[in-house]
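Heads up, there are several structures right after this.
You will see two complexes here that share chain A, one where it goes with chain B and one where it goes with chain C.
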Partner chain A sequence: MIRRALAPVVHWVAGHPVISIIAFFAAFPFLVPYKSLATQVLVYGLFALGFNLLYGYTGLLSFGHAAYWGLGAYGTGIALAKLKLGSLWLAIAMGLASAVIGGAVVGFFCLRRRGIYFAMLTLAFSQVFYFAAFHLADITGGDDGLRGIPQLALGLFGYQVSLASPLAFYYFALAWVALAVAGLKRVLDSPFGAVLLAIRENSDRASACGYDVNRVKLVSFVFSALITGLAGSLDALRLTVVPVESLYWSTSGQPVIMTLLGGAGTFFGPFVGAATFLVLADRLSLFIEWWQLVVGLVFMAFVLFLPRGIWGTFLGGLGVR
Partner chain B sequence: MIDRRTFLTGTIGAAAVMACPAVLRAQGSPIRIGFPLPLTGPFDWIAADQQKGAQLAMDVLNAKGGALGRKVEVLFRDDELKPAVGAQRTKELIENQNVEFIVGGLAAHVQMAINEQAKKANKIFISISQSDEISAKPDSGPLTFHEALNPTITGRSVGAWAVKNVGKKWWIVYADYAWGKQNNAVFTDVVQKNGGTVLGSTPYPLGKPEFSTHLPKIQAARPEVLLAAVPGNDAVAFMKQAISFGLKQQTKIVWPLHFVDLAKTVGIDAFADTYGGTSFYWELQDSVPEAKHYVEAFTKKFNRPPDSYSGYGYSGIMEVARGIELAKSTNSDAVATALLNNPSYAHYKTKQWWRKCDRKAFQDLWIVKGRQQLKGEWGYFDVVSKVAADEALDRTCGEKGYA
Partner chain C sequence: MIDVSLQALAAQAFTGLVLGGILVLLAIGLSLIFGLMAVVNFAHGSLYMLGAYFGFFVLGLTRSYWAALILAPIMVGIVGLVIERFLMRPLYGRSPDDALLLTFGLSFVLIEAVKLVWGKMGLTFDPPKAFAGAMNLGFMSFPVYRLFILAVTIVVLVALWFFLEKTNVGLIVRAGTRDPLMVRALGIDLGRIWWLVFGLGVAMAGLAGVLAGPLRGVYADMGLEMIIESFVVVVVGGMGSLPGAIVAGLLIGEVVSLTTFFAPKLAEIVVFLVMALVLLVRPSGLFGEAGLAE
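Moving on to the complex of A and B:
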């Protein structure tokens, strides 16, 4: 009964991800204990979304997405704190450019190998960025992290919009997330998106069909880095610090966990995963010091018994693909 | 039927009852202080000590009726020794718990992330662990206070004392990150200024305490003093290797800081006959009246004497309360002004004071030496000297970027 009533709604939601994400996240800050938690979910959801493009839709498991997250964060942070650029737009552009260039270079080399070799290469490259940031203390702040990022107002059509309140910043971030989701939707719906799926399902056959598999993978890799870089850039603005741990390999694990928890290869999965992980962490850590054990068990349970993740299982249960 | 008068009386009465808790709440609501610290992670043992100090301060304050007649409530949050988590936790404390002040932090990089959030929210942040940057421009804001010692003060105090009293020829082993590098720079400088020489220095990657390739070279150079700027768990590995290579018998080992809890974990032999600085050692109760009071209350509550960082936690909370009472307000700006205008305090040891320009606390430091025989359950060290608080031991406010 409920299932029959719910199925068309969920079907519609899954079919209109952009409108659905905007509608849901417009109300989201009022559903969680405090606004900054909502922003954190949004930003990490975007991080996982970028990862999911590569893993869920192209079938490439990257263990080095901390690199583009960190490049986006440092690009924006350095623009504001060191170069003293007075524009939020320019600062975000610099973060995105850093992530895209980083993604293009790393992708160019890593995509020459497959499977575990690919994953290890991405990991190694991200560690190179980590050590570079660790030792270039004059530019990056070294292990104390990059500080002194001012909280600029957003210049919009001649007006200066303050982002100082947590809610204002949240909707600022949501606008970017909506843009990224719309862009991703457009890409996945295009013939190019179909080629991505073909590569995920059978790369050899896609190649036999005449597609330049490596080039398609590289474009997907760079686009993934762009979305991840945007998330990193927003995180730098959100915290007004960039910890050097942003580039550390353990940060690369976060989107992997969130994506698998929420459901790889689905539009909402990364956001569902990020929300579950972060809200659980936030609330559990108030009561128990070993909350990571609980989250770890939940994660294992999903991977073992519900490999399609929370959202994937939900869709499957309702017969929606 | 209810007549009009009964209805009115009843309604007014009900409204009054419903309004009352709001009034009571406003007057009786506790003053909340947020306290982020790494309850999990490699420095959880220091964080546990900081937390105990803050808990004791809360008890002591509330037993006397709190501050301005309101209870003081300290909310602890685990920052996992990660800056991003520390920042998020601080946001939660400010937004969700409406804390008026932030005290806490361990490790320089996490302090920075906490400090940025407190600065944005215009709340006082009293940092209670070591960092040179936290009290210097551009990191320090007008409401950033620093209660702990810092690497410069520690290095200059311990270094100058050890050159005069332990030996002139030095070798420095340091962890290759901000704190280690600062120690290397400060100690090298102070040793040379006091007529000593630094024969060499060895950086090693933090968290990878493998010294066996370095130790023969150090032994061949025959230094009289070996400074080990080796933190936490690395220190344990360092001492084991130094003992097995025979270095400890040949050279006097000096640490920037000694900890009772670390000595207890590793065992008394490891730190026996080695020197170190400390902001507090519990046996000071024999000579300092405030310390006696503090150590007794602490031991009564926790069934063990305090280590050094609990003093910072205790004093940090006490200073917030003192500032509130002086300012007759919980407004951070008012409290900061009140503290800087009445800078002297002594909550748990000898007199301390705030320097107005950089809001840095100045305090005595003690040199302790590891005992060969444990005295009681917790008597790991002998107090060998006191280095009196002196603003000249820190960088000047000009050097720290204050005009």
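Moving on to the complex of A and C:
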């Protein structure tokens, strides 16, 4: 009964991800214990969304997405704190440009190999950025992280919009998320998106059909780095510091865990996963010191028993594809 | 003046050989498991760490370094057998990415579990008294314990070679790496071989951990750096190739050690530059066969 009533609604939601995500996240800050947690979910959801484009839709498991997250964060942070740029737009653009260039270079190398090799290569190359940031202390702040990122007001059609209140920043981030989600939806619905899925299912066959598989993968890789860099850039603005650990490979594990929890290859999976992970971590860490152990065990259980994740299993249970 | 720096250089090269030995032990375990089962064990670094902690535990219990050296790898191997039986086996037949993801989760569970049992602070694991001090090699003096690590590595490699080349089980392992379907068709239960090889590969990571403990300190995150370097070794040497793991392990050990000598800040990065270079020139690695695990 419930299933019959719910299925069409969920079907509509799954078919209209942009409107649904905006509607849900517009109300989200009022559903969680505090506003900054809501922003964190949004930013990490975007991080996982970028990862999911590569893993869930192109079938490439990257363990190095900390690189583009960190490049986005440092790009924006350095623009504001070191170059003293006066425009938030320019600072974000610098973060995005760094992530895209980094993604193109790393993607060129890593896409020379497939499968498990690819995962290990992305992981290894991301460490280069970590060590570079660690040693270039003059530019990046080194071990202490990049500090002193000012909270600028947003110049919008001649007005100066303050982002100082947590809620204002949240909706600022939501606007970016909506843009990214709409862009991703557009790409996945295009013929190019169909080629991505073809590569995920069988890259040899896609290649035999005459598609330049490596070029398509590289474009997907760079687009994924762009979304991830946007998330990193927003995170730098949210925290006003960039810790050097944001480039460390354990950061690359975050979107992996979130995407797998939520459901790889689904539009909402990354956000469901980010919300589950962060709210769980937030609540658990109040009571137990070893909450990471619990999160690790939950993650393993999902890989073993629920490989489609929360949202994917939910859709499957309702018979919605 | 030149004499002194030459001596320092030789000492540094020897240190690289020792680091290389530990990397070889780790990479051979990874490569052995990968070659047979097409599984990358992300938890390899955490099992290396577990080896060091188990060694510390046995040492505290028995006061015998030899007991620690022998028992800790066996204990880690048993943990490996349990992991293969209950966690890896359900994933066979699924995408190899799933095994990577599972062992990724496992590596963090092991780290957190160790922090829960032994605390978050690192431990000091003193090298045994018998190996304290330095030995005069004629042209330079070198810590005895490091020479001992090299000796153990060589003994283990010879034993592994003997096992793979001269025993019946080794023959099946080699055949299973080449053509698992054919081995099955001959009526051999490969599942048990996989189980044993996983335990063996993991035990070698445990051995590397006990050996490295007194050298590099024992702490819960000690495997996080090593797993990346072992991945690099395996990629450079060629996935699934044992000679590749040995050559690349020693190469990377030397590269790290010598760059530390000349330009300490570059030491961590040069490793990845070597890897990028190898990928450009020989994408399948120095000893790798193209097309494996793709």
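FYI, the second predicted complex is superposed on the first by the 321 of 321 C-alpha atoms of A that agree within 3 Å, B and C clash if a C-alpha of one lies under 4 Å from a C-alpha of the other, contacts with A are read in each partner's own complex, and residues count from 1 in each chain.
Basically, contacts are C-beta pairs under 8 Å (C-beta built on N, C-alpha and C of every residue); 3 or more make two chains touch, one makes a residue touch a chain.
Predicted model, so just to flag it, every value in this text is computed and none were measured.
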One more residue to check, A:L174. First (chain B), second (chain C), both or neither? neither
* Asked: Between chain B (first) and chain C (second), which does A:L230 come into contact with in this model arrangement: first, second, both, or neither?
  -> neither
**Prompt:** Can A:A38 be said to touch chain B (first), chain C (second), both, or neither?
**Reply:** neither
- Message: If we overlay the two complexes on their shared chain A, which of chain B and chain C does A:A14 touch? Say first, second, both or neither.
- Response: neither
**Asked** In the superposed arrangement, does A:S285 touch chain B (first), chain C (second), both or neither?
**Response** first
Practice item. Based on the superposed arrangement, let me know which partner A:A275 touches: chain B (first), chain C (second), both, or neither? Key: neither
Requested in this report: Classify the contacts of A:V241 with the two partner chains as first (chain B alone), second (chain C alone), both, or neither.
Outcome: first
Overlap of the chain B and chain C interfaces on chain A comprises residues 290, 292
Contacts from chain A onto chain B in the complex sit at residues 33-37, 40, 134, 137, 142-145, 147-149, 151, 164, 166, 235, 239-241, 243-246, 282, 285-286, 289-290, 292
The answer for chain C against chain A in the complex is residues 34, 38, 40, 87, 90-91, 94, 96-98, 100-102, 104-106, 108-109, 112-113, 115-116, 224, 228, 231-232, 234-235, 239, 265, 268-269, 272, 275-276, 279-280, 283, 293-294
Contacts from chain B onto chain A in the complex sit at residues 39-40, 77-78, 82-84, 87-88, 91-92, 95-96, 108-109, 112-113, 116-117, 120, 131, 133, 138-139, 177-178
Per the touch rule above, chain A residues touching chain C in the complex are 61, 63, 109, 112-117, 119-121, 123-125, 127-128, 131-132, 135, 249-250, 253, 256-257, 260, 290, 292-293, 295-297, 299-300, 303-304, 307
